[in-house]
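My structure is below; once you've seen it, I'll send some questions.
To keep things simple, chains are lettered A, B, C, D and E as they appear, and every chain counts its residues starting from 1.
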Amino acid sequence: GEKDIEEKTSVSRKALATPVARAMAKQMGIDINQIPGSGPSGRVKKEDILNFKSTGLDIKPESDIIK
Amino acid sequence: MSVMTIVKAINNALDIKLNEDSSVVVYGEDVGVEGGVFRVTEGLQKKYGVERVFDSPLAESGIVGTALGMALSGLRPVVELQFDGFTYPAFNQIASNVSRMQNRSRGKYTVPMVIRFPYGGGVNALEHHSDSPEALFAHLPGLKVVVPSSPHDAKGLMISAIESEDPIIFMEPKRIYRAVKQEVSDEKFSIPLGKAKVVQEGTDVTLIAFGAMIRESQKAIEMAKDAGISVELIDLRSIYPIDRQTVGDSIRKTGRVIIVAEAHESFSVGSELIGIANEEAFLYLEAPPRRVMGYDTVVPLAQGEKYYIISPERIFYEIEKTVNF
Amino acid sequence: MSVMTIVKAINNALDIKLNEDSSVVVYGEDVGVEGGVFRVTEGLQKKYGVERVFDSPLAESGIVGTALGMALSGLRPVVELQFDGFTYPAFNQIASNVSRMQNRSRGKYTVPMVIRFPYGGGVNALEHHSDSPEALFAHLPGLKVVVPSSPHDAKGLMISAIESEDPIIFMEPKRIYRAVKQEVSDEKFSIPLGKAKVVQEGTDVTLIAFGAMIRESQKAIEMAKDAGISVELIDLRSIYPIDRQTVGDSIRKTGRVIIVAEAHESFSVGSELIGIANEEAFLYLEAPPRRVMGYDTVVPLAQGEKYYIISPERIFYEIEKTVNF
Amino acid sequence: MIQDDLPAIFRDFNPLENRMLRVIDDEGNIINKEIFPQLDDDSIIDAYKQMFYERTADEMAISYQRQGRMYTFTPNLGQEAIHIAAGMNIRKEDWLVPAFREMGILLSRGVTMKEMFLFYLGNEHGGSFKNVSKTLPIAISIGTQLHHATGIGYSIKYKKKEEAVFTFIGDGGTSEGDFSEALNFAGVWQVPVVFTIQNNQYAISVPVKSQTKSINLAVKSVAFGIPGIKVDGNDFFAMYLAYKTASEYALSGNGPMLIEAFTYRLGAHTTSDDPSKYRKKEEEEKWALVDPLLRLERYMKKMNIWNIDKDKLKEEYKQEIDAQFVSAENEKAYKIGDVFDYMYTDMPEDLMRQKDAYEQYLSWKENRK
Amino acid sequence: MIQDDLPAIFRDFNPLENRMLRVIDDEGNIINKEIFPQLDDDSIIDAYKQMFYERTADEMAISYQRQGRMYTFTPNLGQEAIHIAAGMNIRKEDWLVPAFREMGILLSRGVTMKEMFLFYLGNEHGGSFKNVSKTLPIAISIGTQLHHATGIGYSIKYKKKEEAVFTFIGDGGTSEGDFSEALNFAGVWQVPVVFTIQNNQYAISVPVKSQTKSINLAVKSVAFGIPGIKVDGNDFFAMYLAYKTASEYALSGNGPMLIEAFTYRLGAHTTSDDPSKYRKKEEEEKWALVDPLLRLERYMKKMNIWNIDKDKLKEEYKQEIDAQFVSAENEKAYKIGDVFDYMYTDMPEDLMRQKDAYEQYLSWKENRK
């Protein structure tokens, strides 16, 4: 079939992460897709999230996270 | 092209194969003069004679066991079991012999046979007439398990099934036997076994379904669209071998997956697909894979079906939950 | 207390129940004079007479079907099917009647019966003598499916099974029938059905196993210990109902889970447990749940078993992979 | 020979010689005076009325189904003599293990038409026969029920009770492995089970000759070393005699027996079936002439014991049956618990979780509106 | 009666009268001269040798198992007359559908002892009989194989070939539903299938009298409208006559028949079985006296055609059999592919993935060392 053009392009890449890392990011109100991953194949690890948080970038209230 | 129902499409596939290959025979309970209780074999006895299309005694183990003997000796039997719940008397022949004879004979014998039967609920039937036993057969090594969801697929998959040297369990969604109509080519064509089909692309969540649940899923997808949710729909078409590639690709894309199937949810195709989602797309999962399936209860009679049968609304409910996880 | 094997422990449970409850009867192929091909019923006919412990004709559907009739009319039959692969001729009676009669009669009749059989591989047996069909029975609504892994559990679970008003599938790990010995109380005691047991606590990864795979898992855990990995081991004991609580608690703690079971891996207890891991502990998962299970092939004969049977080393291999994910 | 120390009728009507027990002919004349069963006039009149009731109930059920008020129904038309003769000989203490075409027997046990209707209205509470004892639910998976009967027979023998089990199967059902297994077990165990094959000559569309090459169905008993007899299933007195003999035989501890009741399914297999696809009008017409009700009526008239106003009786029955149907239609609503509550004696947590999840969905649905 | 237009032996040895076809007595005297089969001396000597070979192979197999060089084995001791008589009458064009106690027949088809040994050494390549055609693998799930035979019979009939199917089952196996179903289908379809019940009087520990109440096993044919005959399975000539008759009957398009070969299992059920648990020494001794080899030897001696030096022949056979066993022991190693490669005509990706995963594990294991 014909492809719909996706409108929601605000997120350019989808993060690789374990569910537990995703949970952590979510709990801390961080969009995991913004975090550079240091794990295998760029996987976002728990440490990456902690580091990311301490740099203080891009913290959003949870309610703003685009679904 | 002709407009066909699933009943007609399967009848047409049988007709084509009976016509072109004299080793094809069709039998089972009431498939001859009667043309089957759902009329899937209607007219075939008249056309091909009682030696090729015939009624058997009422014994499912016998139907399947003799078909195996025929398959081992040069015929290509296509046998009908009258309902899902009446596959169980044939279970031993299927589990102990049909599925194993190639391996037991180290490939000396192939087993070109098809066991077809109507399955699933939603038709106000008596007990044993509404089961969805795909997981039982898919768990047994040595079989291929196929379920079409449309007239086109029913025809193409049935042609492949009859031409396969491996034994095929062919499950027909009785609920949409005549409910879905489609333009289908009158020519012979086939659809490869083991390949799922992306019915509809989407980005937020993957729905995996088959048989009669495709139609219900499509209705749910309409509801989701109204709610701004983009759903990808995969029609599994083969339960075994299961198409890990297509399933994995989709889940890696959407990060979310819901399995919609009529069978009891425990130890089911739903369980297996959650396994596959984890094995193929673990790092992409943004929400727990979910199954929208039948309960672990006997499928109720007509009055209870409203509680048991999966409605588009219930699928939508799960889509929303998953997307908002 | 006496030192018992699993064979002896089950024999002892049958003895206790035959002794205290005259409605208990025991039958099957060769269970009388012969005492069963594995001697599980040894001595019972002599002690309780041919009316209570007896050989039946060679027909599994008949054994199970008549047992259902007995259960409906005041007896508590415990029937033996000689091997896992010979449960299939009884599949229709189990799927269509044993599991459904309570529901069909709206609770007017209960179904206090036990179907017991040796299961599993690793004993160099002929075809059909090495299957692990738990998923088939666990998928059918209305049954309880029980597997002991030790003499103590075998006795306690068998007592519960015989006293249950629900029909029980009781699978006995033939490979460790005599290999595991244990001090077991001579008194009557019972172990509740549906409750798993944490065999060993650990923090890095959860192993879920049952039957003969407990012993193999324990060996793997020793290897893991040497590698500095702390493993929690859960003995499922009941395949249905499955103990979601215990399983979920453990996975929420360790974040990692491996299922070890002999059956074909597709559409299996492994699939189901991955489903449960996702449903109960999704947000705690640090590595994809894995199954270390039999392949989707016929269980090979003796010479091929080395490739098929799950070794402690292979379990350890998966533990390492999962912990290092 | 096998049939030696058996009641006389088994010797006189040896199925190996393809003989069939008849007591009256098609015209209602007694043809076997010596063995004619002792029945007083009132019992005969009562028997006729029961047959007539079953017939009327069938007709009503078919018409409800046609009106779209009920799902697929399985009529008993033509098989009433078997049912009522059996019903008169099965005692309260005995067990009944039915298949799915024994309505008259069920009614004689105390099952109500309301329950029958409920069942065909798609409610499990109808087919479970909770209110009568020792009567198993309707069995649909063909052949399986015979094993249950044999097992119950074992219980009876084990407990040294004076009870018998009566169980039923169709001609088609004799091809299922379970048929042979169950008769074989019963033979080996020598249990008090009376097996009846209702040979109505068709299994849906398949005639008996495509079902087996045996000279008749009663003769299959030879394979299991148990006595068998073929009986004219449209001859109420023959069926009565057969069941009376069978009951005495079973209750005296002689073990199982097999009765082939040779009859004809006058109607469709079910209300979804169209017999004109597979059998000739002439055949149906021929058998309609020897309808068991007609034959009994002819006998009664010959004997001057006919005192029945059929029109009036039918009207009476119809009203009573309709009241039961309406009551079934107005039965309290099917509940979610009716799906879950009877699976186990105590509902496992896992099943509770599923039930709860469904209820959550329901409340979400409620709230959305 | 059923057995009317049949070959004479079916009438003369009607199982309903519980008669059994015998041609020589226990001492080897001819007792039925008129029907004694025409066999030249060489054929008889050859038959004896084949029986003796099977016997020797059995003994060797038992001893390998005892030495721990082979897994559980299923001896054929006492059933050799059936096997060799069958083997002599089953043509290359015919099909053989065995159970698991027909070694002599398999050998006569061209299966080698090496293959048999391989099978009992736990290698599937042994039991598949790849090198002989129209011979199904050993069937272990009891009863199921009869349906395959009936299905093959259908193929033959459909293709109008002049071929027959020979299939086998034990006395215990007659209780399985599939036994009855298969005979019934064969009767309805009138297919050229010769069913043999090897009645060796035991199903593991269970004697025939606990298996069924029928007066014999041949009589079960009555239930399916097919001819049946009970034959002395220890009388080589009777078995030969039965199979010759059966073959002619089947090849002339007359449909199926049932042969009960009445014999005695002289050895254990399998090498794991201990018959002393369930049967008396005296019984075994009594039957040892009428061992089919002994009976044939007595006949041959009486006829002055005995020219066999048993000791020498045994030595010769033993060496040959041992060579085959050693060759089986030294067969090339079982490979991982032997588990996976025969499941489907083309291996599905999913199965390849499993095979690959196992190979990865193996290389991990290799590297760890």
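The definition used in the following text is that a residue touches a chain if its C-beta (ideal position, glycine included) is under 8 Å from a C-beta of that chain, and two chains touch if they have at least 3 such contacts.
Please read all numbers here as calculations on a predicted model, not as lab measurements.
Minimum number of contact steps separating chain B from chain E: 1. Touching chain A and chain E together: B, C. Taking the mean Cα position of each chain as its centre, A sits at the greatest distance from chain D. When chain centres are set by their Cα atoms, the one at the greatest distance from chain C is A. Here the CA centre of chain A is 68 Å from the CA centre of chain D. For the pair chain C and chain D, the distance between mean C-alpha positions equals 40 Å. Centre-to-centre separation of chain B and chain C, using mean CA positions: 31 Å. Taking each chain's centre as the average of its CA atoms, chain A and chain C sit 44 Å apart. Shown for chain E are the residues that touch two or more other chains, namely 124, 141, 175-178, 181, 184, 188, 210-212, 343, 350-351. Residue positions of chain A with contacts to 2 or more other chains are 18-19, 22. For chain B, residues that reach two or more other chains under the stated contact definition are 57, 59, 61-62, 85, 88-89, 92, 96, 103-104, 127-128, 141-142, 240, 242, 266, 282, 285, 288, 295-298.
Interchain contacts (touch definition given at top) occur between A-B, A-C, B-C, B-D, B-E, C-D, C-E, D-E.
Residues of chain E touching chain C in their complex: 71-72, 119, 121-124, 140-143, 172-173, 175-178, 203-206, 210-212, 272, 277-278, 334, 336, 338-340, 343, 350-351, 354-355, 358, 361, 364-365. Put simply, chain C touches chain D in their complex at residues 25, 51, 56-57, 59, 61-62, 64-75, 77, 92-93, 96-97, 101-110, 141-142, 144, 164-166, 194, 240-242, 244-245. Residues of chain C that touch chain A in their complex: 255, 282-287. Chain contact summary for the complex, chain B toward chain A: residues 200-201, 203-204, 230, 255, 282-286, 288, 323-324.
Across the complex, chain B is touched by residues 85, 88-89, 91-92, 95-96, 100, 103-104, 127-128, 135-136, 138-142, 240, 242, 263-264, 266-272, 274-275, 277-279, 282, 285, 287-291, 295-298 of chain C.
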